[in-house]
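Once you scroll down, you'll see the structures, which are given as structure tokens.
Next, two complexes with subunit A in common: one pairs it with subunit B, the other with subunit C.
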Partner chain A sequence: MEQKIAEVIANLCGAGLEEIEPELALFEEGLLDSFAAIQLVMELEEAFGVSLDMASLPRESIATPAAIARLIREKLG
Partner chain B sequence: MTPYSGLLFFYLLALFLIPAVVLGLMGKSLKQYGFVFSLIMLCIIFGEGGQLGWLILFYLWQGAVFLAFRRWKGKRPVLWLAMILALLPLAFVKLGEVWSVFSVFRLLGVSYMTFRGVEVLLNLHDGTVKEISLFRWSYFLLFFPSVSSGPIDRCRRFLADLEGQNSQQEYILLLRQGIRKLIGGAFSAIVLSGLIWQYWLAPLPAKGILPTLSYMYGYTLFLFFNFAGSSSMAIGTGYILGIQVPENFNQPFFSVDMKDFWARWHISLSGWLRDYVYTRFVMASLKNKRFKNPRTASYIGYILTMMTMGLWHGLAPHYLLYGAYHSALMCLNEYLDLHWKPFKKLKRQVWSQLCCVLVTFHLFAFGLLIFSGRLL
Partner chain C sequence: MLVLEQLKFFAKTDRIALVNREETLSYRELDARSNAFAAWLLNTFGADRSPVVICGDKETDLLCCLFGALKSGRAYVPIDSVVPEGRAGQIIGDVKPRVVVDFTGRMLDCDAVVLSPADLAPLLGGSAAPISRQYWVGDAGPAYILFTSGSTGRPKGVPITAGNLDAFCRGLLPYYPADGGVVLHQVSYSFDVSGCAVYAGISRGLTLFTVDHAMTGNLQELFAALGESGLTLWVSTPSFGELCAQSRGFSQELLPRLRQFLFCGEVLTHTLCDTLAERFPAARILNTYGPTEATVLVTAAEITEEMRRDSRTIPIGRAIDGVTLQLERDGAEVTGEEQPGEMLILGPTVGPGYFGRPDLTEKSFFTDPATGLRGYRTGDLCYQRNGLYYYCGRADNQLKLNGYRIELEDVEENLQKLPNIRRAAVVPVRDGDGKVQYLAAFLLLREEDGLTPLKRAIALKKQAAAYLPAYMIPRKMTAVKSFPLNVNGKIDRKALAASLEGTP
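On to the complex of A and B.
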């Protein structure tokens, strides 16, 4: 799962896969802005077949790849 | 009496906070007393200002909308109707500021309280808040510390604090931080902004290019110290009541671009608008494929968000212009991020970063000059 999340982030942000560390602060490092965050959520929904309501999602839950993995696991049950 | 100014206010604040401190130090829940404290302070402030009747009417109106929505929520048209009804008092007060027919409607803090009320409706509709009792809703809506100048707390965060019970040790930590924030905020909002007003802004002539330029710098510093100080006092009071009110400012003078600026200035308002205007609009636009180029949704989203921000401050022309100005800046920022490759690099390298900080400072200082109404 972590690998797949890293791939989605790397594709979206135009970053190298090796740069996507689990605790990388995606907003603070300038990889995500408000628009890219929405795109990321939509791509994660497609990649994992889960429903993530971006409008009511706390920003911290997608702030790092590790946080995203926790969120997806939680949604997958 | 104005919140967070004048000796009488601080005397009353200290007096009515004493029971909270005693309860907190005994490790007891502050939930009930916090609500009583809010009611006492609201009665004093609004009663003395002749607005208590309007506050009661506002509470009853919002309460009726909340209870009806809680009963019949589910369908989107119901949400829209509830939101329009919840926003109506705010619209009347804002109209009253520019149109004498409505000038009878005056209510301190109506913008902050309305956004809290609307957020509860949205959260109930989304299902992110499953259930909220009338008591919890009332406490959230009327939470006194942040009624007059924010920050705009979030429903889920507030409810989580309300549910949690601080131990004695945790409360001592909160109390220390709260007192520090109260004192620091008072120094900033009363002493520093007062000095800037008295010795810099007040003596300036009303017209002329140089005085206006000087006013722009002075007003930017004045507003920052005043607003950040008031926010800090509100946060500090919240801490003493066991509620960790979110921060509202994070070194905005170090912003490297306008997006960065809005993540550091009046954070609770910009975050609220980002989540409930920008994100919702862009998300719906992308899902429904409203635009050929997805980025068009982002540009329009920024315009909607910043115009809402302008309107939230008021309907006077300078507030609308302020919203339009920031709409243009956010769109320009987005365009540069997308189409000018060196921009990201410039924002990271030391010397060019300094230039970005200076440019951003002047852009928002000019924005505050518009906001001040001196240009119109």
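On to the complex of A and C.
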């Protein structure tokens, strides 16, 4: 799962896969803005077959690859 | 000026002009506070009518300052708080204001009197007699000057007169609800689509429901606020509509009183129209089109089910009252159905030209010898079918990203100011509908930086933030050893864009 999340993020911000570390701060480092975040959520929904709703997601829940992994695990149950 | 007459009229009622988080501002308060600001400007600067620069986001008093400037016969120049200091400084240097109202708390380096919110409070709270019409901005006087992306890397000023705004209101108001209601006030003051709330909305006595930058960036907070808003009229770019529609909670249940969407500023997609038609059965969708140079918008179309089912793009509609449109190719008028040509706009909404740039003005603005009407060449390619206009692209490198108007050269010039960038080529990456998804920059470095691609992108984005607002900073920053060239020896942007195809 972590691998797949890293792939989505690497693709989205044009980085190498090996550089996406679990605690990379996606918003603070300027890698994601609100429009890129929407794109990220849509890619995650497709990749994991889960339903994520931006309006009910606190920003912290997608702020780092590790946080995203926790979120997806929770959604997958 | 129509909006000032109407403000005076509604000030005699108990209507609310603005809701901004916990604050409300009545028409009476807006009228009184703007009178106080106008009186201060008139007393302090007398006959010197230099424009007033206003830096901020969506502060309540910003609206009072803006109408105060108009009542005192001065244009205002809005600079959004997201604009970096250097770029704001360039604008202030061009405009040479005597006074800058600054809600951002930045230490702006300029010769003008700088008013902070603390300076403003006693000034706006003071009592002042109504400002007589003789002081107001006259028909031919500029009401605002908006600075847009310019192809030289410096923002370009577009003055719009009181007469232009009156003509805009007369053309748009027939599409507005007859009486009362709440209009979305999300669009930045530095983007003229905000005029749909500020000018047309106030002229109709509507309540402006404020959504500031913080709320736009936090959907959870935004939806909670929208749920309490009582919104009846939605005004935004299609991109902001899409951002909201991505959440399933964006529906008639959230906004039970909503009766109309008004979109402006970029291409409206079939996907968004279909989603909204399904989720908001009680609301109609209005698509509009227009450049800043001809005052917000010059066409409108109510999107019908038939248009949604049609395989062609969503139409931009027909000319609003008072506006004449013409398509032109190779110097001749195009009259045939489905024949593309450059859109020419003629009539009272066309502005005087570019601020301090007679060379640029002469290229795009003209006066029609036959009718005496002021005209503007948009550089937009359109065609006509069954009395409706359809947009089909740009003739140059200007584009719209999430509603923002951007010249690619502007981004490139500013990236080349960074210490380690020798040359930058910026390309838009589009989705299947041809809509720009994001910008990607390809960079020739001066010297090896020893950084990984991600670390380099993070560092460059931070440096770029000193020169460019966030929406102009490319999402992807890729260092290259050389640029692919086309047959003319120029950078092959198509090849660069193609190298990114298929990536989100």
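We take it that the second predicted complex is superposed on the first by the 77 of 77 C-alpha atoms of A that agree within 3 Å, B and C clash if a C-alpha of one lies under 4 Å from a C-alpha of the other, contacts with A are read in each partner's own complex, and residues count from 1 in each chain.
By definition in this document, contacts are C-beta pairs under 8 Å (C-beta built on N, C-alpha and C of every residue); 3 or more make two chains touch, one makes a residue touch a chain.
Since this is a predicted model, take the numbers as computed values, not measurements.
K.L.:
If we overlay the two complexes on their shared chain A, which of subunit B and subunit C does A:43 touch? Say first, second, both or neither.
P.N.:
Only subunit C is touched by A:43; subunit B is not.
K.L.:
Where does A:16 make contact in the superposed view: on subunit B (first), on subunit C (second), on both, or on neither?
P.N.:
In the superposition, A:16 contacts subunit C only.
K.L.:
Would you sort A:77 into first (subunit B), second (subunit C), both or neither based on which partner it touches?
P.N.:
Once the two structures are laid over each other on A, A:77 reaches no partner at all.
K.L.:
Please tell me which partner, subunit B or subunit C, touches more residues of subunit A.
P.N.:
C
K.L.:
Please indicate which partner A:54 is in contact with in the superposed arrangement: first for subunit B, second for subunit C, both, or neither.
P.N.:
Both partners, subunit B and subunit C.
K.L.:
For A:35 in the superposed arrangement: first (subunit B), second (subunit C), both or neither?
P.N.:
both
K.L.:
Need the overlap of the two footprints on subunit A, from subunit B and from subunit C, as residue ranges.
P.N.:
Shared contact residues on subunit A: 30, 33-35, 38-39, 41-42, 53-56, 59.
K.L.:
If we count contacts the way the header does, which residues on subunit C are in touch with subunit A in the complex?
P.N.:
These residues of subunit C touch subunit A: 216-220, 222-223, 239, 242-244, 246-250, 402, 437-438, 440, 452-455, 457-458, 461-462, 465, 470-471, 473, 475-478, 503-504.
K.L.:
For the complex, which residues does subunit B have touching subunit A?
P.N.:
Per the touch definition, subunit B meets subunit A at residues 122-123, 126, 128, 259, 271, 274-276, 278-280, 282-283, 286-287, 294-295, 298, 301, 334, 337, 344, 347-348.
K.L.:
Where on subunit A does subunit C make contact in their complex?
P.N.:
Residues of subunit A touching subunit C: 8, 11-16, 19-20, 24, 29-31, 33-36, 38-39, 41-43, 53-59.
K.L.:
Per the contact definition, I'd like the list of subunit A residues that touch subunit B in the complex.
P.N.:
30, 33-35, 38-39, 41-42, 53-56, 59
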